[in-house]
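All chains are identified by letter, namely A, B and C, in their written order; residue positions are counted from 1 within each chain.
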Amino acid sequence: MLHIKPILVALKRHKAGTILIAMQIALTLAIVCNALFIIDQRLDRIARPTGLDESNLVIIRNRWVGVTDEATGPLIHGDVQALRQLPGVQDAISINSYPLAGGGWSTGVRVNVDDKKSKAHTTLYFSDEHMLPTMGARLIAGRNFTPDEVTDAKANAVDTPAVIIITKALAHDLFPDGSALGKSVYVSDTKKPSTIVGIVERMQVPWNSSWADAWAENAVFQPYVLMYSGNVLLIRTKPGQQDAVMKSAPEMLFKLNRMRVFPKENGVRTFANQRESIYKRDRGMAILMGVVCLVLLGITAAGIVGLTSFWVGQRRKQIGVRRALGATKRDILSYFLTENLLIGTVGVLIGALMAIGMNLWLVTQFEMARLSLAYVAIGVVALLLLGQGAVLAPAMRASRVQPVEATRSV
Amino acid sequence: MFAYYLQLGLRSLRKNPLLTVLMVMAIGCGVAASMTTYSVFRATSNNPIPNKSSQLYVPQIDNWGPEEAAENKGEPPSSLSYTDAINLMRDKRAKRQTALYPVALSIVPDDMNMLPFRENSYAVYADAFPMFDVPFLFGGGWTASEDNAHAAVAVIGRELNDKLFHGANSVGREINLNGRTYRITGVMDTWNPEPMFYDPVNTNAFADPTEVFIPYTRAIELEMPTFGNNNCNKDPGNGWDSWVHSECVWTGFWVELPTKADADAYRRYLDGYVAEQQRSGRFKWPKNNRLRNVTEWLDFQKVVPQEAKVSLLVSMGFLLICLVNTVGLLLAKFMRRAPEIGVRRALGASRKEIYTQFLIEAGAVGLAGGVVGLLLTGVGVIGVSLVFDPQIARLAELDTSLVALTLLVAVLATVLAAFYPTWRAAQVQPAWQLKSN
Amino acid sequence: MLKMTHLSKVYRTEVVETYALRDFNINVNEGEFVAVTGPSGSGKTTFLTIAGLLETFTGGQYHLDGVEVSNLNDNERSRIRNEKIGFIFQAFNLIPDLNVFDNVEVPLRYRGMKAPERKQRIMDALERVGLASRAKHYPAELSGGQQQRVAIARALAGSPRLLLADEPTGNLDTQMARGVMELLEEIHREGATIVMVTHDPELAARAQRNVHIIDGQVVDLAEDPRFHHAVHAARANSPA
């Protein structure tokens, strides 16, 4: 049973407090909605699969010292052969980049040799026939490279290979009808066609930034071992051997040739470490927004408790009179709950508009998506419940006011 | 009177400890959130070279054409092609100028037991050192004639000098970089402008300090590729020569133009340069140049991380909510004392005196909020490393100015929030008490 | 000391205008002890709040200590209240958060007095009402009579020219009321001007002069036989 009219009349006499609570609820809703949205976006980003088999994967960033690019060929082959023989190592490759590396190669792919514009954007991964097994990529159609298809290539003179393997996402972009396998495409500016011999289920690009979001799973694998003084050694270890290989591999490599540098901080790390450091900002942002949301809701709840307590204190006599005139405890309780619901409703209505407005503005300022209305709905329900919860304690206190208080002077 | 009001305020605050704690915590949290995020924002939006930020400029030349520019909001590429960089260097139309690019240099210690190691390294022209106000501990930069001679010379950082030469004056001594020897002409004192304005394109502008500089001409002669981004609109073809003479953009360029007239003159020069390229048939499109100074350049390169801006905004909103909350609670607190105000007014307190009394009480709340905020900001500044890269996180610090700002913001914000409740309190009629009985 | 001529006070609401005082004339001389009587709602409290500059009036003139007060701003009115007027309220109106000493100190603070002088005056005033030993007590720890004596001390501490008392014994039992009344008489004998509102004829009889208010106007008792008898009877019965 709601007595809305008398409540409205009473609220008119507490305009300032009413407006303050409504405003606080509105602002809180606007910020909480957007914060929740940011959290979810970031978590989604973190949850994106790389296509790698991420466990038991060790990354070594190698840089040769005092060697020209051309001269690195034998050194790289020596490294890879030695690594594959190292105890605890299942497979190893030298590659130009890998998902979440942060930097790599990107180019366009054309379907017809005369196309002016490329049909899709993609990243390029270069390595030998061990590339797919070492990365843990799942071939869903066609075949892997054969050893005789693999050649060495100079970093500043990469030719177009006769055969390539691409990801399912890229295959779909190039040939939406699903007929990619066996077709020829033109990678970059070349006039030489490359035949698609295999399709991999998924492999992410090296970048985590939003500029690559539209083609995050477009990759071309090329059967080249790149002769380059800054290469990456990707090592798949046997299960449980990751830590041992992290120690033994660099030692062995230095024994092989000491004229090389592994960067101080991230020269040798597991893929798990790499993932953590790449997504640090996203995870941190999610945590920060989560903390802000919680504290904000707490403060808003506390504010409601504070102001409602004040109102109850102010109206003790009035409550006493009502009680004396026959109002039950339930009536008093429901009076305050309804009052809060009314204020809360006004607050969340304004807040919902503010949340959407704030998001629209953020979209223009930052690389952000449009707010889904589901977040607004969740926020509205959460804040209404929060308000009811916060008002409960002071309302209970009000309901315990004895009718005799009507007779007391202030 | 101030002491009296303060004493009254404290007494009143002690009377409702819960309400007081609530307000103090709300203000503390709000202020701490704002100040923590502000500390990051301040660090990332810092002017790294205040004396010269309006004298150093980056020229941009559109050598790709409008189609490519359209994909980048009509902006020309952020780096120059080698062709343009060399032409600009040759024309020498600024007071000072340097092309620059990051190179992958590893230091090979003489001691065979020590492993080679990498330091951030750049290839620059001799002008770079006076242009960027690089401080020197020993010696100085190399000379223009050494630029022309492609000399094997180097400037190293203080930290590297400590590591290799134990801090001794190493000018004239040799250093092995990538297996070749270079003569050291100078040792820089600690120099780490943050953001690293001279190359935000290839870093996130917050990197470890550069420890080695070598002549640009030398790096090109040795065919050192860029260690940063290389962007090509067309396949450059095979080999070093075709790459270096391609339209691939990868080199940075800075000019020093001390006056506005110099800058205008340089703009005209750039226009003329582009016109020349159009005549020669290299550029088949209208000119699209830029000349940005340090501040504009950092802004254009979006050096302040998006996270820093979003979190600053969110925490400002947070502070606003905390203040709305404080307005409500102060209103409740002050109006609960309406009887007391009535009596005080009857006993001769003017409105002004009521204002003063309650604003001082609010100020005390604000100050307490500020102290709590300070503690939480301290925690927050440590927690910054959760969200930001270590290179940025280490810049956020709780220095004296931040401490002062935290307290100031807390007190000011609270007093501001107290205006309405105080105004209401001062409206309490002195007669009210008499009548209601 | 206090002179109101043709004074009126109108309370306006959206629907009605109510005259609380109309064509109100009164003159209280320096050193007088005047009791203002009248039935509930007659306007006697309105008169007191206007007299004490707690409220403004609608028309007419009011001279307080020779000063026309209608044009004074809030600041000046506060100053006059603080320096010239002492209030004694029916409900005492002590500030519960402050102890006795601090309560008496309130008006002195607003006068900007130096600490030693404040202390001297407070202790003198408390001495005067016989509560010097209770300086550190809080109002809640005192009886009603003691509270009213603190209120009187607070009114006296600033040595006002005019004391305004609103039913000063209204909340007290007979015994305590007598004590408070005797205190007021004593203060009067020492030269203070006192205006006291009361509906108690016995108390009114102890004043030098009675002013009766009905429907917002002063009624001359001497010319109204209905009251003549009652007042004299009360005066005859009073113990003093």
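By our rule, contacts are C-beta pairs under 8 Å (C-beta built on N, C-alpha and C of every residue); 3 or more make two chains touch, one makes a residue touch a chain.
Computed from a predicted model, the values in this text were never measured in an experiment.
Taking the mean Cα position of each chain as its centre, C sits at the greatest distance from subunit A.
Put simply, the chain nearest the middle, going by average C-alpha positions, is B. The mean-CA centres of subunit A and subunit C are about 74 angstrom from one another, to the nearest whole unit.
Per-chain CA centroids place subunit B at a distance of 68 Å from subunit C.
A straight line joining the Cα centres of subunit A and subunit B is 25 Å long. Residue positions 339, 437 of subunit B each touch two or more of the other chains.
Residues 45, 48-49, 52, 54-55, 74-75, 78-79, 81-83, 87, 89-91, 93-95, 97, 106-107, 109-112, 154, 158, 166 of subunit C touch subunit B in their complex. Interface of subunit A with subunit B (complex): residues 16-17, 20-21, 23-24, 27-28, 30-31, 34-35, 38, 63, 65-69, 154-157, 159, 188-190, 229-230, 254, 258-261, 263-264, 280-281, 283-285, 287-289, 292, 295-296, 299-300, 302-303, 306-307, 309-310, 313-314, 362, 365-367, 409-410. Remark: subunit B residues 1, 4, 11-12, 15, 339-340, 342-353, 429-431, 433-435, 437 touch subunit C in the complex.
Per the touch definition, subunit B reaches subunit A in the complex via residues 19, 22, 25-26, 29-30, 33, 104, 106, 108, 115-118, 178-180, 223, 225, 227, 234-236, 238-240, 243, 305-307, 309-311, 313-315, 317-318, 320-322, 324-325, 327-329, 331-333, 335-336, 339, 386-389, 420, 424, 436-437.
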